[in-house]
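Below you'll find the structures, each written out as structure tokens.
Two complexes follow with chain A in common, the first pairing it with chain B and the second with chain C.
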Partner chain A sequence: MTYIVNLNALAGGLFIIAAFGILATRQIRACLKLFILQSLLLAASALLLGLSPFSIHLMAVAAINLVTKVFFLPWLLRRLLNEEVYTRREISQAITIPSALLIALVLTIGAYFFSLSWVETASAASAIRINVPIGLAGLLIGALTLTTRREAVSQLLGLLAMENGAFFAGIAIAQGLPLIAELALAFDVLVLIFVAGVLTRAVHERTGSTAVGRLSSLREEPHE
Partner chain B sequence: MVKHILFNILQVLVVMGFSPLAVGVLNCLKEIVQSKRGPSIFQPYRDLRKLFAKDEVVAEESSWIFRVTPYIVFVAPIFVALLIPVLTSYPLFWAFMGDMVGAGFVLALGGFFAALAAVDTANPYGSMGASRTRMVGFLAEPVFLIVFFSVSFVADSTIPYIVQQKWVTPMANFFEPSHILLLVAFIMLILAEKGRIPVDNPSGHFELAMIEESKDLEYSGRGAALMKWGGWMKFFVLMIVFSNVLLTPWGLASTMDWGAILLAILLVMIKILFFILFLVLVESSLAKLRLFRISEFMSAAFVIAVISMLTSVFS
Partner chain C sequence: MILLTVIAFPLIAAALAQLYPRSRLGADATCIAALITLAITMRAAAEVIAAPTHVLVAIPYWVAMDGLSALMIVLVAFIYVTAAFFSVGYMDFRQNGGSRRYYVNFNLFVFSMLMVPLMQEPNIVWIAVELTTLFSVLLVGFKNTHEALEAAWKYIVLTLMGASIALLGFFLLFWAAGQAGIEHYTWSGLVAVAPRMSPVLLKAAFVFILVGFGAKVGLVPLHTWLPDAHSQAPSPVCALLSGVETTVILYAILRLLPVLNAVPSIQADTWLLTFGLISVGTAAFLLLRITDYKRMFAYSTIEHMGIILTAAGMGGASAHSAAMLQIVGHAVTKSFSFLAAGAVLLLIGNRNIASVRALVRQAPLAGAALLLAGLAIAGAPPFPLFLSEFLILKAGLQNGDYLVVGLLTIFIAIAFFAIMNHVSRMALGAGEPASRDAGQRGALPFSCKITLIVAAVPILVLGVYIPDGLAALAALAAKSLGGG
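Right, the complex of A and B next:
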């Protein structure tokens, strides 16, 4: 039984590193890989939590996550946008990477602080101690990624990382989440990616770039 | 007591004797990954023998610092080898003379003199390298301190022999997020401190791009040999701290007999080999960062170290 708690803690540690990686990585392909890793860790955590008091719901969460986020979603993103988008490096963020990292640090401290009341009441072996603060931190760091990034794909990955964080905290709190909600959420995410991907592709075809930062100014003719 | 002192001396001999081998294996494996044949793993020993046999040339304008530095650089890692658990899991004669912070200071002293000596001969490349090393150094310094803070939060001590026990008793400590984050931060520190890719390219011979290597360009003969050997020993000592104190505190001798010690030498070498394999993987898959991107790398290490401390405080 203890090794399940241990492995879950390990997954938690790696999960928050992946969240920081998505925030700080410039190359979009590496960003996508880190997102896949993060989703894999989320699935692993759900599987581990589903094992110890046996819960078919959490197993299902793990399976859905594995299929949609680890395999299907990256494949979809790769298919929708051409290779050039992924080899690109993002040079200009809204704020520089070191300051974004420091803000993320403050957010993580906040996440630990806010989840203190949960952590204090939980028993030492409970997954809440790991999953709630780290999931909350992952959510906040994802939101930060969403605001600092200026490329469409990495913004999208920030949004998905937010969702991953919410799930990571959620699987420890709400053990018996109805399966239908899980399924609905998973398909929601897929539809979101599909729409955003098609939109990004259209923008890319028209303007030759996926930099969202340029969209703030109005222009009649396409930007070169 | 006599045996403790003997074992302590043996630790130093292991660090002195095997550090060129570790570097040789690293260089050889890196070349093999690039589908070359690679130099012999004993090449560093041959380099040392060649350099010790050669004459030494010292610039006329240089001061005593230039002459003293090779000895300081050579001796600093030896002192650290006395303080850390290289072979045994029980404290040896010198174990309580200094903690991990002390060991860090002793290593930093060597780095400080190396930087001074690089400026001393007024070789432009030397001072450029020295200023860059200092830049990396002062970005690494806060990370070092935070790592020690988070170690002391977990183990209530920074003596390496005590820290080593705390990570595995109870076993749950080993899997804690604070431990994982600490390991990542410390790996990034080793890469920065020893000038490996992605911070610096150790096999590059282009002076303008050098960080670490350009400091001993002016040395020849015995001075060069001592500087090189000292650098390898520092690298070896950092790997030992990482593998024996932080990552895998198993496989060390727990009894006083010589058989256990010899077995421990073998196991430590296997651990180092795994660390070297990891380094080869990192070095052949990443590119060197631009100079001003290093601050990003180090700030990532800093943030990871602070979160490691945070998680150990809050849990």
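Right, the complex of A and C next:
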């Protein structure tokens, strides 16, 4: 079964590259495509880990990911927002892309060393040694994406990328999760995407743009 | 079965509000559902106290209620009632339409809050916590103004960011429990296997959950969304958000305490004390320079969450039961405060502290309510929060946490001074208001007046007399924290 572990490692490597890609891509449409790729890789990893020993839970996770993040999210965003949002290039970011990538690199290395003490109980060939550090790194890079981006859609993608990171670790360490939890989780992600989509549209209608970074009227300063 | 009916009525009310948008059915159904839910929860709490094991089980290993859950649920149901009745007048007064969307989300939000304490499987609790955000975020942005949408966006982004962090924590917890050979993955199952769990994993899980859910409780440094969301939402929603939502999420963190106490090397109490004191301190100093009275009550929520966390970190039976009293006192007082603030907002038309002066003379009921809210939330005697804060400080002295008690006393005193300074000027202060939108906007709706009077009762009573049932419930809840 070593080829399964190797394939899973490949999926993990591509997963983290996709996370870097989401962080560094300016155009919203390209960002969305990278996010879909990342969700596909998460599903692939769940599928691989679920093959041996066969686990219906991981198959469910893979299926849920495909339905919610690969099909439902792009469909809903396309319905709620007009084309102009996707083709826009995001110029204003909190920090420049090279420095964001540098911070992401530091976070990835940090995630690896931080999770060393957690995975030491797992056997050397186990998928846990791949998935946990990469999942943690994915979570942290998603958080970085969220804080550096100013556009509502890319912030939403950062949020979902964080969730992908948590799940990437989760599929390796929480395989016995009851099915009802997975179903509820799927419902949860659906509601999240829907609510965030509706909110993005409301912001767009109200302010004429989705640049949530420019929303800064609520502060602790005396009102005029 | 009684536990399943607890969550049924908010769902029914949400369905009715969705199905009959044009009639007043949504509002009426919400009020009736709230009253029934309160009656059922009080009945269920009485059954918990009477049961020999002090646990009520609906579905074994999935849905159950012990003392701590019962306390939370009764609080949620009580504020569900006051917020629902206040909503009727509030929504009529504002007349900006969309009441269908309001009542649907309102009931679903309450439903998700009732789920959190009832669910026994921690992963499901995480899902319920996430649902509280998702159902309330559209209520926060309900006014659909620039500011309200900004607040809603900050709310969803920061709290869901916290939820992702907590999710990894819950996965780690599940992993550690699996390694320890847990039989049924529930809160009580976790306590049983806690001594066999890997301390490294347990600590990592705890820190991720504390930081992640801490964002939702409003713990510094992930608190920045809280004053925005709690000031922009419609006032009855603020009462729910500030009064019970934060407490219910804090409950999920506190559920880990007996697990962590079994492994002293984690030093969970140090983490709780540090986070708690930083939150109290930051909120106390920020309270001094507030210009918006709804934000003032929001910062006071951060302060009180910090106090409860600090009390939980002190450890010991007396500190824990004082923390429970603080939870009760905060829930009833803070929800009342936001209702009072809502009444002032209806009358004055803006949220600026400087535009409210000598309110007692212009609108006696709203002015008196605001003054009472300020005194009670700041912790003046003889109100419930004075009692619980006094007990927390006393328990800290008995434990020998002199530094913690000293800092806490200073911060509470600063917050007291700040709140009283603002509130006394608003209610009693002489002079002309700085600005005003088109003068008086009519009288308060009848339902708002009645709600203010009813919601004031527990504040006036609980400081001097605690009913036997509530005392028993608080004692049971404190025992669940101590691992008993």
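Side notes on the structure shown:
We take it that the second predicted complex is superposed on the first by the 215 of 224 C-alpha atoms of A that agree within 3 Å, B and C clash if a C-alpha of one lies under 4 Å from a C-alpha of the other, contacts with A are read in each partner's own complex, and residues count from 1 in each chain.
What we mean here is this: a residue touches a chain if its C-beta (ideal position, glycine included) is under 8 Å from a C-beta of that chain, and two chains touch if they have at least 3 such contacts.
This structure is a prediction, so every number in the text was calculated from the model and none was measured.
Following the overlay on chain A, a side-by-side fit with no clash is recorded for the pair chain B and chain C.
When the two complexes are overlaid on their common chain A, residue A:N82 makes contact with neither chain B nor chain C.
By the touch criterion defined above, A:I109 reaches chain B but does not reach chain C. Seen from the C-alpha centre of chain A, the directions to the centres of chain B and chain C diverge by 150°, a value given as a multiple of 10 for the model superposed on chain A. When the two complexes are overlaid, the chain among chain B and chain C that reaches more residues of chain A is C.
In the superposed pair of complexes, A:F20 makes contact with chain B only, with no contact to chain C.
Applying the stated contact rule after C-alpha superposition, one finds that A:L139 touches chain C and leaves chain B untouched.
Between chain B and chain C, the minimal CA-CA distance in the chain A superposition rounds to 19 Å. Against chain B, the residues of chain A that register as touching in their complex are 2, 5-7, 9-10, 12-14, 16-17, 20, 24, 97-98, 101-102, 104-105, 108-109, 112, 116, 119, 129-130, 133-134.
Residues of chain A touching chain C in their complex: 117-118, 121, 135-136, 139, 142-143, 146, 152, 155, 159, 162-163, 165-167, 169-170, 173-174, 176-178, 180-181, 184-185, 187-188, 191-192, 195-196, 198-199, 202-203, 206-207, 212, 215-218, 220-223. Only residues 171-172, 174-181, 184, 295-296, 299-300, 302-304, 306-307, 310-311, 314-315 of chain B touch chain A when the two sit together in their complex. On chain C, the positions that touch chain A within their shared complex are 121, 123-124, 127, 130-131, 134, 137-138, 141, 144-147, 149-154, 156-157, 160-161, 164-165, 167-168, 171-172, 174-175, 178-179, 185, 198, 200-201, 204, 227-228, 231-232, 286, 289-292, 295, 352.
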